[in-house]
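Next up, some structures in structure tokens.
Two complexes come next, and they have one chain in common, chain A, joined by chain B in the first and chain C in the second.
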Partner chain A sequence: MEYKILITGTMGAGKTTAIQQVSDSPAVLTDVHNTRQDESAKPTTTAAFDFGELDLGEGDCLRIYGTPGQERFSFMWPILARGAIGIIYLVDATRESPIDDLDSFIKAFGESSGTIPSVVGLNKCNDESSYLAPAIQDYLDSKGLQWPVLLTDVRERSEVLELFEILISLNEALVMEQA
Partner chain B sequence: MTDTAMAMGSALVAECTESLDTMLAETNGMIMGMIATSDGFVVASVTAPGRNVDPNRIAAMASSGHALGETVANELAHGKCNNVIIDTDQLSIVFLSVPDTDDSPLILGVAATKSVSLGTVLYGAKHCTKRISETVNTTV
Partner chain C sequence: MYPDTESNQSIGFAGLASHEKNTIECVQRIYPHRLSSVRDIAEPHAASIIFADPQTSEGQAALLRSDVYVIAIQDRRQPMEQGADDVLYRPLRPRAVLDSLNRVEQRPSAALTPKLVSESGELHQILRNVIADDSNRQPIVLSEQGQPWLVVDPARDRIRGHLEHLNEERLLTRDRHVFNRVTPEEASRILESEQEAPLYRTMWKLAYELGGRARLFGNDHTALIKFERWPNFSETRVAGKFLRAVSLIRHNSFTVSDARMKTGLSEPALLVLLNGSWLTGELCLDSETERGASKVPSKPGGVNSSVLARIRSRLSGA
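Right, the complex of A and B next:
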């Protein structure tokens, strides 16, 4: 079985890092020079997509796609979402309005947001961001979205794998419900 | 003028615009020319009369398309991507690297009707990238 999973979120949320941490082969990147150092100090940014593969054993495989983060590349988002069994919304806890960031991505994915199993990964957390997880959960509740919210550090392979495991479990539950 | 264009300076943008105007004037059937940063911001753009093009959207798509070309070239170990060609029923669309802009790479995007051959489009566009390269490297 092949599963396609999408990782999305703002520029610098950790999408590329997450894919690099788990991909069995060197991740396919479409990095370009970042001219907007005021938006993010990263030297490069993703212009089309990131791609990685993860062998789950017993013939199962994950195909992992990461979106570009900036709104100007939003034309890529529905293309990349086709066929995905789950979406990971990565939220950068250090940004000014993380919930607004999440809100804009959920709106951008439109109807997919309500039907595809999804999980929110709150990345780059520090002492000041402890309020964010419950605030995000409240926001999701207000939208009627029963999605797990996890504090994560995408530099840690095990934590990225945990996000994937949750998505696969949610997908299996959905398949059973639909059977 | 976009933030990116302002950051690059009005003199440079004016010269880039002039080069694009020249390219459109010299190449029959060409309907659009645009210089964008490799991360998808417009530096300068010109459009033939009667054609409605949103340069900001095309700049972002040029960035993605060109980045994919670079990635495929790297994957096959065949060096730098010089251009990406999109052939439609009605248009030839090409995204070209502007040479010698490695520190802050630029892309030239052009679109032309099928009334002109792809070879002619490529000739006009490559000539334009050389002019843009000279402009950038003498102005910056």
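Right, the complex of A and C next:
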């Protein structure tokens, strides 16, 4: 059986790097030259979606999908989210308005936002943007979304693993609740 | 100066960094339903409310004006800006900005009349009640024999006073506590020369000092506990080992001994987490929680415990 976890966020939020940190095999990347330098200055971007895979044994596997970051692909996000066991929202703290970014992703995911275990990873944070973690928590509270917010550096494997650990634990809690 | 509520109010900035302006603009955009009114952004000369950095010449100029309401944005180590109508500390938290904007229309006559309240119990319970009460975020002043000794201001995340006396013994001694609610302006004048610290961080520091020696949430071993909100992990020093525990206790109610068994944490470690979260209002006894008030995931996506254990094992060993 296949299980999936989504990693979503704006262009340059670190989705591809995060997948590369945990994938068994080299992640399949669908990067092309970035023609939207107004949205992000990075030279390439994901045109379809990246994915990595973990063989869980017994015929099961975990697929990790990175959504394409451009808003014009937002129609795909809820489709990708169907049946997912978790969503990691990566927020790029260096962007002009990270909370608005997160808000647009949550809206695009629609109903999935309330039903799938989720965590917010605040990437590229520095002293100047440290206010963002409680700010995002306040924002989520106002939306009635009880998700954890973690400062993260997706270049560090251990920090990416922490985000996954939260999703696993949230799923364990759900399983326990239903038992 | 209190702006005329009949006329259109607008917000201006004097000497703020761009990320601080963004925070304030963001509050206007994402919390319109929690603001008493949403204001336009204007140039400082045309604004009726100005967020100003007193360390800049533009900020100083704004503070000299008598025709505007000035909210000073300053560092915690700087002395309280006396010319300002309100003060916020860096880093700017949206919730503090929200409270401050809602305070603009509270003229002095509308402010709370200081009312002395006396309550018997342990100090930690009073602190916890003040911090967890989202419906009233006015500062409180705790007094002893008529003398104020502690100012607690949840809206600004500040605690001030004789903090050296805020220790385990003081926290746990059952006593009669006298306190009163005051306006932010009054609070800023009380014990102003005493030590000041961030409230949230101070509560966590107390929880660490307490270790596993007390259960602030009560000694009823059959009581069910549950996380009402996620702690701010960037402030709590509780990293990886507590993530799983909070995830579990966020979704399910447990007794402490069940929580200990499920999370695998030692009792002292678990009590630090629970005491800290209790003091900051994030942990509740299950009867206090409002079921259904927030959206929590409801579908485990066909996954079972065995698969989750294998995912964890593969990730940690991959």
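Following the convention adopted for this analysis, the second predicted complex is superposed on the first by the 169 of 179 C-alpha atoms of A that agree within 3 Å, B and C clash if a C-alpha of one lies under 4 Å from a C-alpha of the other, contacts with A are read in each partner's own complex, and residues count from 1 in each chain.
Heads up, the rule we're going with is that a residue touches a chain if its C-beta (ideal position, glycine included) is under 8 Å from a C-beta of that chain, and two chains touch if they have at least 3 such contacts.
In this text, all values refer to a predicted model and were calculated from it rather than measured experimentally.
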Query raised in the report: Which partner does A:F75 reach: the first (chain B), the second (chain C), both, or neither?
Result: first
Query raised in the report: Which partner does A:G59 contact after superposing on A: first (chain B), second (chain C), both, neither?
Result: neither
Report task. Would you check which partner chain A:I116 touches, where first means chain B only, second means chain C only, and both and neither mean what they say? Result -> second
Query raised in the report: Does chain B (first) or chain C (second) touch A:G83, or do both, or does neither?
Result: second
Report task. Once the structures are superposed on A, label A:Q146 by its partner contacts, choosing first (chain B), second (chain C), both or neither. Result -> second
Query raised in the report: Is chain A touched at more residues by chain B or by chain C?
Result: C
Report summary line: Given the complex, residues on chain B that touch chain A span 4, 7, 37-41, 56-57, 59-61, 63-68, 70-71, 75, 104-105
Report summary line: Touching chain B in the complex, chain A uses residues 28-36, 45, 47-48, 68, 70, 72-73, 75-76
Query - Interface residues, chain A side, partner chain C - complex - result: 1, 3, 22, 24, 54-58, 60, 62, 83-86, 96-97, 99-100, 103, 113-118, 128-131, 133-135, 137-139, 141-142, 144-151, 161-162, 164-166, 168-178
Report task. Going by the contact rule at the top, pick out the chain C residues touching chain A in the complex. Result -> 17, 19, 22-23, 26, 29-31, 34, 90-95, 229-230, 232-235, 239-240, 243-244, 246-248, 250-252, 262, 293-305, 307-308, 310-312, 314-316, 318
